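Multiple structures follow.
Next come two complexes, and both contain subunit A; in the first it sits with subunit B, in the second with subunit C.
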Partner chain A sequence: MAGTKVSSRKLITTVLIYTALGIAMVWALLPIIWMVLSSLKTEANMFSMPPKFTFKPTFSTYAFMFTEGNFGGFLKNSMIAAFSSTAIALILGTLGGYALARGNYRRGKDIAFWIISTRMTPVAAAIVPLYIIFAKFHLIGTTFGLVFAYTTFNLPFALWMMMTFFAELPPDMEHAAMVDGATKFQAFYRIALPQVTPGLVATGILCLMFAWNDFAFASVFTSHENQTIPVAASLLVSQTGIAWGQAMATGTVIITPMLITGLAVRKYLVRGLSMGAVK
Partner chain B sequence: MATVRFDKVVKSYGNQLVVKEFNLEIKDQEFIVLVGPSGCGKSTTLRMVAGLEEITGGDLYIGDIRVNDMPPKDRDIAMVFQNYALYPHMNVYENMAFGLKLRKYSASEIDKRVKEAAAILSIEHLLDRKPRQLSGGQRQRVAIGRAIVREPKVFLMDEPLSNLDAKLRVQMRAELAKLHQRLKTTTIYVTHDQTEAMTMGDRIVVMKDGIVQQVASPEELYNRPANMFVAGFIGSPSMNFVACRMQEKGNETYLVNEEGFSFLLLSPEVAARLAPYKQKALVFGIRPEDISDSLSWVAEENYLAARVDVVENLGAETLIYFSLGKETLVGRFVGGPRYRVGETVKIALNPNRYYLFDQETELSLL
Partner chain C sequence: MPQPQPKGAPSAGGRLARFFTTENMMLAPAMLVLASVSIFPFLYLIYASLMDFSLAIDNPTFAGFRNWLRLVKDPLIFQSWKVTIVYAVTGLGLELILGVGIALLLYAAPWGRNLFVTLWMLPIFVAPVVAGLLGWFLLNSSYGLYAWVLQQFGVHTDIFGTVATALPAVILIDVWEWTPLITLIVLSGLQSLPTEPLEAAEVDGATYWQKLRYIILPLSFRIIVVALLIRSMDIMRFIDTIFITTAGGPADSTKIIGLRLFDVAFRFMDIGFAAAIGLSMLVVTIFLGKAFIRVMYGRE
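Then we have the complex of A and B:
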């Protein structure tokens, strides 16, 4: 009797857990599915009630966007800005983070805190000073300016993250490598770095997301030639109306690269984000 | 293979002196052990040889070359760390080959050396495994393997056995000693365990608070400790110490105290040498194995009547803790327990194997 009682309680728990998971999944996925499906519909089909789940998909919106709408160019701008800034942040952040974790500096902790505190600046507060600096150096309307702006936020973040990952690593392995014949740089590059790969990947993804999703910097610092996708998307909402089809297609284009990158590195991502949680 | 010479080597962090004027000449092929309690500076000394700690003052030579400012990679040394420090992302083969690859050995030479070392340490079957798939003892072997493939001038070992369980530790101790007989590489070995030091070292350096207390062979450390610290550190259980002073009865010299302790100095030479200490506080030392109840050592009037406090039966031998007034003495007896707690028994102290120290300086007077 006791056995059935326990197992029926277990059953209820299982059902509840799966119901909750189901709701969460619908909550997370439905808007995305809705967006992707809508982008493949004609404008007439898009608002029909009840919504149509079976229809003949059309790529006409995408075709229009990439031919007439110059979305290929916007996509390229977004990619260049996001990936360059991420690459710079990761390279410099990894070197700087390693130096702060291993070097024996006076007030090293204060230096590290000062660095991360710059990441805490609200984007809005950074825009005006950056605008003045960029105007002086003729960087307004250049992709380089945008990369620079993203890097001012990504670099301190990457440096701080990499510093904590390296600090958790016992230094003995690098010492062993140096005694084995490695230079300090070889000990860093061949011994320490491979061990923080998950952290590096997670940091990279977070930097990429910041730059990719940015609207504020891009809307202020870009001109039509180097506009990024989020800015282009915002222009679809005009006083005369909303280009729903293009908005849906743009949304799909925006999330696809992040989705693919996320899936490609998800093995590292989970380990990276939970690094240090369990020794 | 090479000699290692410390010439007034000093290490300090800011104002804190960690190693004070370390002088030592290690002979080629010698197995030298640095031993002392934690924080005595022995690991720091080793890491200075490795080049992992900067040398604050003095000179350090490996062979004839002064290495103070030489980076670790150029010193041609190999080190075994307490936590093994294997490279977790490489398998055993790659771990052992790493140093050879950096030194640009040919692939065939690397393969030959790694396999030879693996054979010596019986880890051939583990070459494809990652460190996390190995037991503690296996990791230890890999760490030693990584050191010996390089055929370095000097081996440095920093408490290599202290993470192993007791049984494995004894086994690896013997294997390391055998390995040294075979390779004959100059070795500096750091441990806090006096048994390891006594069993492995050609010579032992006893350190305390950054100061070398004595450098000597195991026999000499045991028989002729330079001071009370060395006397108490070497040997297990530790030497018994009894505070006392000299007293002359007729033409015989005794060491006595208020707790009923009394010991007759048989040798007139010793008594003569102690003449300047007549008024001074002394410490008498005797090892547990030099306390006996067979009483044949001394005349009947020199027996001590001691109370049995604790009896520890170790199987082959028994440790008995006696009290003599407020003094406590531990004796080591062959065989099983023979007394009950609370009994008062007669014991004798070996008249030819005792130690005597100046209480003030703690230096040996014999």
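Then we have the complex of A and C:
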């Protein structure tokens, strides 16, 4: 008798756990699902009350954006800015991160503080000096300016992440290679670097994501020529109204590559988003 | 056998060789660029906060500490810090409770944990500006899905256009996007908990709540603090969701300090004052960053 009592309590607990988790999943996912559904609706279907969950999907909004609008151009601008700043951050961050992990630098805590506080500088506070400097050198509205702005958060991030990945690697193999005549740089390039490839890829994808998702910097530092998609999305909101169909389609285009690549490196996601505080 | 070096001052060549080590050569480019994107703009921010740019952006005049004084005198700045604190404290509070709660549920779930974690983390990947647009779309009183649900309960408010509901709405967008991050951080802490104390408690017949109160939560304290510090720095960092939904309105009820800075800088072109506001925000971030480093490196 006691056994059935315990197991029925256990059953109730299990049911409660999964009910709560189910509600949480609906809360988390419904907005995303709704966005994707809305991007596939006609105007009439999108604004119908009560809301429609079943309808005949159409890609007309996407087709319109790519043919009538300059959506392809915005997409290209976003990719150029994201990939350039990521490349800079990864190259400098990998070299510097290795040096920080292996060279016996004192004041490690101070360097850590410098890196973290640069990474976490409020975007609004970073924009002001950059704005004055860019205005002086005519860099507002240029891709170079935007990439420079993205480097303010991507370089400290990559430097920090790569340092933690290299620091976890036991240095024995590199020492052995150097005993066999390899230079320090060869030991880095041939021995250490291949072992941190997963970490390097994850760091790169997170750098891409931070730049790709940026709105505030791009809203100030881009002109019509090099506008990125988040800015394009925000411009669909105007005095006269909002092109909701295009806004939802644009949103879908912005998040899809991030969902796919982000999930691919999900093992490193927490580590990246907590600046290495959680392994 | 290498000859023992004579004692005394090292030759200039030796000193150079010691400076041009492989490590220093690898570190130099990163440090130079990092300095040019952090120290140089930081010094410029301090300089700008002491200047008046209102006549011409490329020809500022010295303003002394006038901009700094306005930080404490301007009632609008005070109002914006108040909104920032309400936004941060309410948002973080909700994210903490829900985030830890869901981490505990996932930790207790006998199967499907991986699948649920994967689904739960998806909002993290959404660009904040898209999260804002989406929240606005869902709560739009004439055709939003969530607004429609609320209307079935007799609520017909224009949510982003009403002072009482705009701030809660932008807080909920932040909660939607970032509660999963708290869950992920806390869950990874839970998964690395030592098993012995929990097993011992089990043997002694402890209830779940006793285990939670005396073992799980105390052992997870550090990681919860990490999650809160990261999130509070991020809340200071971003303005995107509020910028796109309410732009700080109605009646400044959602104008967090970062948005106020945007207004001052790019609507009123009062760059010097904006720089002073930026400095004050940076002070908060620096405090949080120091605390973060302390938690990370442990107390020494």
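Throughout what follows, the second predicted complex is superposed on the first by the 253 of 279 C-alpha atoms of A that agree within 3 Å, B and C clash if a C-alpha of one lies under 4 Å from a C-alpha of the other, contacts with A are read in each partner's own complex, and residues count from 1 in each chain.
Here is the rule we go by: a contact is a pair of C-beta atoms (placed from the backbone, for glycine too) under 8 Å apart; a residue touches a chain by one contact, two chains touch by 3 or more.
Fair warning: this is a prediction, and the values are worked out from it, not measured in the lab.
After overlaying the two complexes on the shared chain, residue contacts for A:167 are found with neither subunit B nor subunit C. In the superposition on chain A, contact of A:262 is made with subunit C only, not with subunit B. When the shared chain is aligned, subunit C comes close enough to touch A:121, but subunit B does not. Taking subunit A as the reference, the larger set of touched residues comes from C, when subunit B and subunit C are compared. Contacts of A:31 after superposition on the shared chain: subunit C is touched, whereas subunit B is not. In the superposition on chain A, A:183 makes contact with both subunit B and subunit C. Once the two complexes are overlaid on the shared chain, A:195 sits against subunit B while remaining clear of subunit C.
In the overlay built on the shared chain, the residue A:79 is in contact with neither subunit B nor subunit C. Legend: residue contacts after superposition of the two complexes on their common chain; A:213 is shown touching subunit C, with no touch to subunit B. Touch criterion not met for A:140: it reaches neither subunit B nor subunit C. In the superposition on chain A, the residues of subunit A contacting both subunit B and subunit C are 183-184. Touching subunit B in their complex are the following residues of subunit A: 170, 172-173, 175-184, 186, 191, 194-195. If you check the complex, the residues on subunit C that touch subunit A are 21-24, 26-27, 29-31, 33-34, 37-38, 41-42, 44-45, 48, 53, 57-58, 102, 105-106, 108-110, 116, 118-130, 133-135, 137-138, 142-143, 145, 148, 176, 180-181, 184-185, 188-189, 223, 226-227, 230, 233-234, 236-240, 243-244, 257-259, 261-262, 265-266, 271, 274-275, 277-279, 281-282, 285-286, 288-290, 292-293, 295-297.
Residues of subunit A that touch subunit C in their complex: 13-14, 17-18, 20-21, 24-25, 27-32, 34-35, 38, 46-51, 88, 92-93, 95-100, 102-103, 109, 112-118, 120-133, 135-136, 148, 151-152, 155-156, 159, 183-185, 188, 209, 212-216, 219-220, 230, 233-234, 237, 244, 247-248, 250-251, 254-255, 258-259, 262-263, 266, 269-270, 273-279. Subunit B contributes residues 50-52, 71-73, 75, 77-79, 81, 83, 85-89, 98-99, 102-103, 146, 150, 156 to its touches with subunit A in the complex.
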